[in-house]
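Read from first to last, the chains carry the letters A, B, C and D; within each, the first residue is number 1.
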Amino acid sequence: MKTYQISKSQLKQLLEPYLTAETQLIAPSLNPLGLISFNKIQNINEIALNTSIPLKPSKSYLFPESSSLVQFDEKNPHLLESDISQKKQMLFGLRPCDLAAIAYMDSFFSSNISDHDYVQRRNNTLILGVACEYPSNACFCTSMGIQPGTSIHADIFLVPSGEDFLVEELSEKGQEYLASISKGWKEASNETLATQKNEITEKTSSKLIEKIDLSKIRGRLSETYNKDFWNKYSEACIVCGACTFDCPTCSCFDMNDSMISSSKGCRYRSWDSCSFADFTLHASSHNPRSSKLHRLRQRILHKFQYTVEKMDQWSCTGCGRCIRVCPVGINTRSILKDAKEALGE
Amino acid sequence: MDRTNTVIAFVCQADKRKKLISSLKSKYPALRVIPVICIGKLNPVIIFRLLMKEARAVILVGCEPSDCHFREGVFFSERRFFLAKEVLKGFGLNDRLLNIIWSNPGKDALVLKQFETFMQYLKETQIEKGA
Amino acid sequence: MNKIVNPYQPSYAEIIQTKQENSSIKSFLLEIPEGIQKPIMPGQFFQLSLPGYGEAPISVSEINDKTLLFCIANMGSFTNKVHSLGVGDKIGLRGPYGNGFPISASSNSNLVLLAGGIGLVPLRSVVSYFFHHQENFKNLEILYGAKSSNDIIYRDDVKQWRHKPNTIFKLTIDKPEKDWNGNTGFVTQFLNPQSSDPSEVLFHLDKDFSQTKVFVVGPPMMLNSVYQALTNINFPPEHVFVSLENRMKCGIGKCGHCNAGSQYVCLDGPVFSWKTLQSMPNEY
Amino acid sequence: MINEIRDAIIQYLKSVMKENDVVLALRSSSTPGILTPCILRNKADLDQIEAGFFHLNNLAVYLSEFFQKENRLSTLQGYLYVLCKPCDTKAVTQMISDQQINPNKLKLVVYACEGMADMKKVKNEIGLDKDIKAIDLHLTELSLTLLDGSPLSIPVSKVISSKCLECNKEYHLTMSHVFVGDEKKWKSHPYSIATAENKVLLQDQKKGKDLFDQLKAELSACIRCNACRNVCHACFCSDRCIFDKPKMTVGFLDKEISPIDNILFHMIRFYHVAPNCTACGECERICPQGIPLSHLYEYFHRLMQESLDFSAGSSDSMRQAMLSYRLGEDLV
């Protein structure tokens, strides 16, 4: 796989093919409410790369807040926009934590019975990652075994070096795309790429507030099920869905019908959260996770224990969004440290 | 039912008002008449949903506050509909699209006139509710 | 690019016959539409749906090669609408989902079915499978506990079950009623060997527990008392199988509602051995 | 860092706390600039209490957990002490008149508050590419250390919450409470730079279609995470809320997350809370999408005062805006 060195102005060539009418370019930019978020880009200089990762992940472009799954009376599509966006899209500016999150979502949605809505959107998407130089105080990607300077989960990975970018091809899709637009680009050696990556990883990791060694408690968190450190957090929790909706690996959804008339409408899915009260409510009104403590513990154990048991990988990439978004300051890192302490590590 | 100019009228049961308002159905095909025991029973949340989705305008025809068969209920609903109209105004919607017509047994003619002027108003103003 | 199959798209099945089982449960015989993956095993479930009313996971009560029997309790807006349907109407159907009862693993052993109220609905598929494949099994024991006498379902089937060879059928209702001379109390009363009538004792058939499989379906309180009763006679937990009733939406292990511990009840269940249940957190 | 007001609060609580009393207060969380509500049951933990400039939360929303649903009697044997900023007391008073809690087992610990931080302003001051490692208050300066270790200090006046700039340094409580700190000195210099009456709201600047378009654009960012509903003391139909569809056979609102349904969600929510909203600003502070909900609650708060002369949280009399009427009002 080749590596190129391009200047800032050549970046335009890399992104322009996705600025046409039938395609869309999604990248971090300042939105009208004053927050950095993943938005549809009209022209290149809106892109804001030198900030910490947007609070809301790019998840909504692969797994939208609401999308219709089944049309009733296909002749006329329902008010939701076309259910599977046939639009080719490019997700640009994703950091290694988001890339790892997308890799997890890919394997989750295509395992066992594959989910057509996600898989088709994902097949239409080209993913360009960027090395992370601006962590937030909530980031803990290094504790989850992710290096901020490098990633293998993108189609193309950019590593900033001074004013230029080192462009690394990672997948066939990326190679194909670069072959078509990389006329006259300078090539770069793998050594410069590797050293630049390590330098960024060093610099960014030193900025992180802490690194927690989770290797000893991997797969053992279910032993903390009845420990009492959970109360300290669940008494403050207001069971809103902010932490799960802003989490790039949270994939739970609800399914309902929305009709225009008795025969026309659609069955759509929309984001749901395990911290909502009615998430596990049985028809007999028995609720196995009725208390706040149950639900907070489920969110943490699902990411750090149950997916380790099932898919032998964490489903948390340490992006820190659940910490930044929590209205009452519940910090996932301090929960993990308390769990370590409770397990005597 | 064409969603863009349906008008839904909630009519209170008293004094054969349902027959009075349904007589207008021939003149206004997009009118839907729904009888309710008392318009005080109506939860404005239904009105919000109708105005945002299924209907262009909602008309409530009920007893005048001092003359309500349930004596006190309509005083509370008067405040509730006031707040409902203010919520529409606060969100930038045209609060005249929620029209409340107070009627009592003697005023059938006046009720019909008010109804006609409202339907006329609807015809003139094109749909700018932004929905 | 190959067209990826939409796993949520239901196919539509026509209702051939309906029957009101009791005040809240009505059974529907549906014609199996093509494209439904076969074989369908007892204990599996389908997501039944109606446009505008959503979906509900319903276990199969009887599996024939052309038709399926579903018994639906009137619990919410969807089931309410289904109860108003008649012969000739269509219901959305997608599935079969779930692993079903371990039929192949229980060949030539006794089957003991413990049904609590509506729990008899999924277990009925095992009963009908047993009668069609009698040679694969030893004996069948159906222990059915209903809330009250007018809650009893499958009244005419029950009459036949009593007279079938190597089959024992026991019925009990929770509280004694006026003209009821049958058993009263919970279904676990049949599980302790010192029960009043030794000839009726469950395991006189075969003291060797390894030749016996117990299938349990019922409300959470019943499950706890069944576990208690089976531990008293130290019945091996790996031979006890429970079908769970978690909230489900997608049925294919994606939406997360049925998640208990690392298991997705719709994908890895709904039937779990009591052994795996003991290792799962008590969140089902 | 010395924080006299916090030490005075801890000292007071240590002197009055008895055997099975409970204290609802705040303690530091590992996230810089935000505190975590905590329920302390023994004296030893009282030292963890934090208060002052970073007391952003309005603890009134946690009170209903301590009172039984059927008869609103306290579930505790001892007293419940609640740490309140003076503006939080309006929320507690309103919950009493909403009959969510009853005051006999409740004691409010109100303190001389010099304003609270607005973390969005702090974030804008330090820039989007940096972040806070540690933050502390030195009299009138916020001293921060950033992630790369460099120090920064920002004057408090630049990052104080706009709500505090309208604070007339008053509170009225009939229930049992204590004021920690010098009340006279605290009341002597109210901020009240922009008084509430002459405040210009969005609804004054824009009307009709362009007001609707702006609100529609803002609310289309909403992801319906229910944080604004769960943090609101006035939103108390906790387990039978209209938005939790299973409880209602006919959902008024689909769970579809689209611009129209988001507007409908917020319309229904503000219609319900308008009579008892005390404009505490919690919903805007915690919105993960940064939606300026003050555009809505300020309008309804002023509307209640001007049209129905009812100001939420001002008195715990049982008079409710929507449950009382005056003859001949002909509002509609």
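Everything below uses one rule, namely that contacts are C-beta pairs under 8 Å (C-beta built on N, C-alpha and C of every residue); 3 or more make two chains touch, one makes a residue touch a chain.
None of these values were measured; they are calculated from a predicted model.
Novice: In terms of C-beta pairs in contact, which two chains are most connected?
Specialist: A-D
Novice: Which chain is the middle one, judged by CA centres?
Specialist: If we average C-alpha coordinates per chain, A lands closest to the whole-structure average.
Novice: Using mean C-alpha positions as chain centres, tell me how far chain B is from chain C in Å, no decimals.
Specialist: Chain centres of chain B and chain C, defined by C-alpha means, are spaced 51 Å apart.
Novice: So the centre of each chain is just the mean of its C-alpha atoms; given that, what is the distance between chain A and chain D in Å?
Specialist: Using C-alpha averages as centres, the distance is 31 Å.
Novice: Quick one: report the Å distance separating chain A from chain C, using the average Cα coordinate of each chain.
Specialist: 40
Novice: Counting in whole Å, what is the centre-to-centre distance of chain B and chain D, each centre being its mean C-alpha position?
Specialist: 37
Novice: On chain D, where are the residues touching two or more other chains?
Specialist: Counting only residues that touch two or more other chains, chain D contributes 246.
Novice: Return the residues of chain C touching two or more other chains; collapse runs of consecutive numbers into ranges.
Specialist: 76
Novice: Identify all positions of chain B at which a residue touches two or more other chains, and write them in rising order.
Specialist: Nothing qualifies.
Novice: Per the contact definition, I'd like the list of chain D residues that touch chain A in the complex.
Specialist: Residues in contact with chain A: 29-32, 34-39, 57, 61, 120, 124, 128-133, 147-148, 217-218, 221, 223-227, 229-231, 239, 244-247, 251, 254-258, 282, 285-286, 288-292.
Novice: Using the touch definition up top, name the residues of chain C that touch chain A in the complex.
Specialist: Touch list, chain C to chain A: 1, 4-10, 49, 51-56, 75-76, 219-220, 245-247, 249-250, 252-257, 259-262, 267, 281-284.
Novice: In their complex, what parts of chain D are in touch with chain B?
Specialist: That would be residues 203, 206-216, 242, 252-253, 260, 263-264, 266-268, 270-271, 274-275, 296, 299-300, 303, 307-308, 321-323, 325, 327, 329-332 of chain D.
Novice: Note which residues of chain A are touching chain C in the complex, please.
Specialist: 69-70, 72, 108-109, 112-117, 119-120, 123, 222, 225, 251-257, 259, 262-263, 265, 267, 269, 272, 274, 279-284, 286, 288-289, 294, 298, 301-302, 305-307, 309-310
Novice: Name, in rising order, each residue of chain A that touches chain D in their complex.
Specialist: Going through chain A, the ones touching chain D are 31-36, 48, 50-52, 55-56, 60, 65-66, 79-80, 134-138, 207-209, 232-233, 235-236, 238-242, 244-246, 254, 256, 258, 268, 270-273, 276-278, 281, 323-331, 333-334.
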